[in-house]
Amino acid sequence: MPKLELHPDRLFPADPSIRTIARDLYKSVRDLPIVSPHGHTDPSWFALDESFGNATELLLVPDHYVLRMLYSQGIAMEDMGVAPAGSGAAADPREAWRLLAANYHLFRGTPSRIWLDWVFSEVFDLDQMLTAETADLYYDRITDSLQQDAFRPRALFDRFNIEVIATTEAPLDTLEHHAQIRESDWNGRVITAYRPDPVIDPEFEGFRDNLRKLGELTGEDCTSWKGYLAAHRQRREFFREMGATSTDHGHPTAKTADLSSGECEQLFARVQADDVSAADAELFRAQMLTEMAGMSLDDGLVMQIHPGSFRNHNPQLFERFGRDKGADIPVRTEYVHALQPLLAKYGNDTRLSVIVFTLDETTYARELAPLAGHYPVLKLGPAWWFHDSPEGMRRYRRMITETAGFYNTVGFNDDTRAFLSIPARHDLARRIDCGFLAELVAQHRLEDWEAGELAQDLAYNFAKAAYKL
Amino acid sequence: MPKLELHPDRLFPADPSIRTIARDLYKSVRDLPIVSPHGHTDPSWFALDESFGNATELLLVPDHYVLRMLYSQGIAMEDMGVAPAGSGAAADPREAWRLLAANYHLFRGTPSRIWLDWVFSEVFDLDQMLTAETADLYYDRITDSLQQDAFRPRALFDRFNIEVIATTEAPLDTLEHHAQIRESDWNGRVITAYRPDPVIDPEFEGFRDNLRKLGELTGEDCTSWKGYLAAHRQRREFFREMGATSTDHGHPTAKTADLSSGECEQLFARVQADDVSAADAELFRAQMLTEMAGMSLDDGLVMQIHPGSFRNHNPQLFERFGRDKGADIPVRTEYVHALQPLLAKYGNDTRLSVIVFTLDETTYARELAPLAGHYPVLKLGPAWWFHDSPEGMRRYRRMITETAGFYNTVGFNDDTRAFLSIPARHDLARRIDCGFLAELVAQHRLEDWEAGELAQDLAYNFAKAAYKL
Amino acid sequence: MPKLELHPDRLFPADPSIRTIARDLYKSVRDLPIVSPHGHTDPSWFALDESFGNATELLLVPDHYVLRMLYSQGIAMEDMGVAPAGSGAAADPREAWRLLAANYHLFRGTPSRIWLDWVFSEVFDLDQMLTAETADLYYDRITDSLQQDAFRPRALFDRFNIEVIATTEAPLDTLEHHAQIRESDWNGRVITAYRPDPVIDPEFEGFRDNLRKLGELTGEDCTSWKGYLAAHRQRREFFREMGATSTDHGHPTAKTADLSSGECEQLFARVQADDVSAADAELFRAQMLTEMAGMSLDDGLVMQIHPGSFRNHNPQLFERFGRDKGADIPVRTEYVHALQPLLAKYGNDTRLSVIVFTLDETTYARELAPLAGHYPVLKLGPAWWFHDSPEGMRRYRRMITETAGFYNTVGFNDDTRAFLSIPARHDLARRIDCGFLAELVAQHRLEDWEAGELAQDLAYNFAKAAYKL
């Protein structure tokens, strides 16, 4: 029966001279609190503090990384415990878990394997590898544990040494769970972030309906350009009061625009019509990034841009199972021309902070590092989504550091809804960053004490500073 | 006189802890039979089993990797033994060989050097490096050897421990050499693959003539859309009977389409006209990929797509010397939008298998790994052509494994017409893959026994399974 | 107080077996003379041989790498000693220097740090790191040294062991400083290069005025296509007499064209008009690259193409401070289609030599290595600008060598106006190249004596041969 053991040197470069340095650096940051400035955990977990249910509900069904890999090998969604949107049942959770177990070899070489093994070993104290043979042992151990108080959301939050975590909500959200957390006697710091895509993207499901609701919620006339902007300002202020320090924008491209207010009014009228054109939708999103930057100048919210995902690429799957099932695919993304209108207007204003992410690694060295290495407002988010992995993070550091330096980056984001994997993800990032710093030291490109300072910055300080936490 | 010696540790990472692991893994796969599921050897070699001629005819004139490098340094095609298409003579083979020998340093750092050195050392038992001084020794040793029975195609096939090899033929091919091989008393398994570009690509030389011949060969009316599809079905069935397990499609782009049958009929009429537009040609190729996928659902042939080469970039060279002289240049290639119509239609049908290749490495992590890591029908072909090299293969594994895993890949393709280099190419791939796996083990991202299983899979099992061999 | 010490093994790979080989290779090239075939030093320095002024004037204000990094962290241009274009003062040089010193940690992990530390240590014999505490020590040591004869341009040139250096001038330049150098009793070899962008690019500031001046200077009618071409020929000949062996072309894209002479005449008329279109401007630049190649066939000047920079991306900064302040950003660049017209016409003519550079690393393996590995006229320039760095150079070698080999490359270019950093830049390139060669030797892909030959070629021979020096 194969053992499960997390090796203390895992993820460090193999060369002994580098590994020794990496190990020392890692020791100095291993126990720092977790700062999680951007992610997708559910605030109701921390508000209600209920049990997470069973192993399958917690670790399989909601994890689109795991679903897509199993699906790619011909395993049906239903068999993984995912119920179709309308009628139709999903497999029994234990059966679904057995399927994961029998196919766990598919994750060899992937970050999911690293995250899950950490959760199994560190959270549930399992010491044999997940296989067909250990499937039930795992299912029972995890499911039983989840019934215990020590495995409820707040207890895990505390155990994970999380200093602060940001969730992500839309403007129509009333943030009642956040209110509940703040009013509770629990000390955990859970804040929100303003993600206005549903009321900004004319191609978002229910956009016009969302505008109407935004109007109701704010008392502003959201059919007029001015009222619409005022509604944003009002909601941003409400989010800020509820702890938000940032906004987030998940657009198909990074395009920005700087139209006159007359053009904006006309465009806003057109995107409220029945048959909005793709070009108008794109232009409106572009203009709204610039508007959001302008509002950030006033209210101090840090702006995040996450562009470049082709959402719901698989229409059959989307119809049957909905969003976030692993069928979002990155596309080529351009930044130099796209961001120019926003940067031409606000790029030199040191009161503003814009953090840019990418799913297109070709832009690291060519576009993003040169832009962030020049504009005062720009910083680079960490390796994101498909690139939030050992090799992905190494490529990120290798391709951006020489032009953008370390100080135009913002530390690590876990960007996940897989709450239990958060410490694993931060641990992975800390190990890879320490390995990278150790390489620089071993090549005499950095002194060891400089690497020591940077290790602290990358693991903790940069995230706090960049997100104003 | 510099020695030629193949070092047993060649191509393994230098770090001793990694190298030790790599060496062990490699030992376990070194002697596995060769499965060559895609390539361009000539079936007449194995049908007729005649001598390969002389050193220049075998190793210089047909190798476009070698020709292009020498040509890039100002050496004329004629001087390399390549005769112009019309009139005009080429250099004496021995003179041409001397030119290769005198310029062999140009191949330093390239895979051609690795492949050729293997052939010289392992096949012809040469133990000095190829230089101007050893040119004649080489020429004589190789040319004399080729006259011996042990160096005929079938003997080499057996010596190379080839379990199965696929050639590539067009629908108009009558496959008589394949028939001859099957009827012979030789046991070597040589199968064909269906490569319909000449009757699918309206911009292929002689397209309309090819359609006419396809009609004659099949008795179908190839001027009508229905007859044309029926002719494809008939030829696919014939190829399948002659051992084919796959089709192959070498299009300029990866574009697919899903038109109505009425649109298809009109488009097919237009592409048969004198002045077919580039847009129609592209759309027709796109639609035909989807049609081929549909036929694969019925007949079980695995589909390969090899897009992204700008063929015959050098018009002067093309006019004088024809195709395949080293002037095919990769271009940027898009997959996410391009494959969407085909995937929307057939992407979830586990009966279908589509293997995608690329010459554009920027798509590995951004597009291909996410697509193959989601769609059940998609698998990723190995590093191809210009990337079939130590660094190319390493980049491939580093960029695709974390998202697509190992199990959405299909093992190695040699994809070559340079028959003698086939074992060298598989050996190179096995060494690089073992080195990559060893790195993962040394970084404690994989257990050693898992790496051992994967080494077998990458060297042998995956190719057999993916190509149904 | 942290020490400044240049480690003898800096920039070599950490693995001991590789490092030993790298060290030996480096020893054999360390003291070779510097050949600097392309750069932006000012010929007046060597003509007049005046003192370089103070530390800030020499090392901060003119270095756009340093300016952009400090600016990206919110430091104002004025505070770095850069005066606005019109009125307005800049900080006192010593204050500006203190700002650099206090922020020197921003350069951790960047090549600027490596270059500057070399200058501080080797040229000015400083042995403590630059920090806020050592700012004045540095400022005084450097500024005082610059008043000494040993620190004047010619003395440094000799001390740096520069065999030849090329500057870059526009056709309207009268090259009087070059004349002065040649007439002097100093033996330093300083040559020019023909950079005609101001009279070729219709979007260059003052283009029409420049054409008028070109007419006056040459006595040719520069409003007619024929006169304009004749003026180019005349100025190229003058530059050639003044030592030039190359031309240089800094276009937004790599596009080339091959129009009829009638079309050229009409296009040339259009680009002289008030309202030249972007498409005409692009087409004219494209056609002129092909014209320049044709002239190079006659006069033997080596042609360099440096495409792909979006100049002056930050309009506010450009208006206040002008060009070259760190706001030039690379964009995606295409070569395969772009260069085809020029290559179709002249690509096989071994009399011509075209050296291509890129800021888009995605083209290394996909486009540039295959093109240079085929066309006799094409060679690849070294890693450029943002990629002139340890990781950038490694990526360059890893991505181009397997397809283009070493012999289609041209050695190193420092491409800088930062005169004092030139030895540091060549040293960095030699160290990285030796490290790369050592890796190949350690992986048994190259014999040690072959690596020894290549080390000499990359450090010295290739630049001399490729630039006809």
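When the chains are written out, they are named A, B and C in that same order, and each has its own residue count from 1.
Note that in this section a residue touches a chain if its C-beta (ideal position, glycine included) is under 8 Å from a C-beta of that chain, and two chains touch if they have at least 3 such contacts.
In this text, all values refer to a predicted model and were calculated from it rather than measured experimentally.
Asker: Chain contact graph: line, ring, star, complete or other?
Answerer: If you draw each chain as a dot and join those that touch, every dot ends up joined to every other.
Asker: Do the two copies subunit A and subunit B share over half of their interface residue numbers, or under half; same or different?
Answerer: Shared-number fraction below one half, so different.
Asker: Starting from the mean Cα coordinates of subunit A and subunit B, work out the distance between those two points in Å.
Answerer: Centres of subunit A and subunit B (C-alpha means) sit 40 Å apart.
Asker: Which subunit A residues sit where two or more other chains touch them?
Answerer: 15, 362
Asker: Mind listing the subunit A positions that touch subunit B in their complex?
Answerer: For this pair, the touching residues of subunit A are 2, 7, 9-16, 68-69, 71-74, 105-111, 113-114, 129, 310, 313-317, 326-332, 359-362, 386-387, 389-392.
Asker: Per the contact definition, I'd like the list of subunit B residues that touch subunit A in the complex.
Answerer: 15, 17-18, 334, 336-337, 340, 343-344, 347-348, 350, 362, 365-367, 369-376, 378, 398-399, 401-408, 439-440, 442-447, 449-450, 453-454
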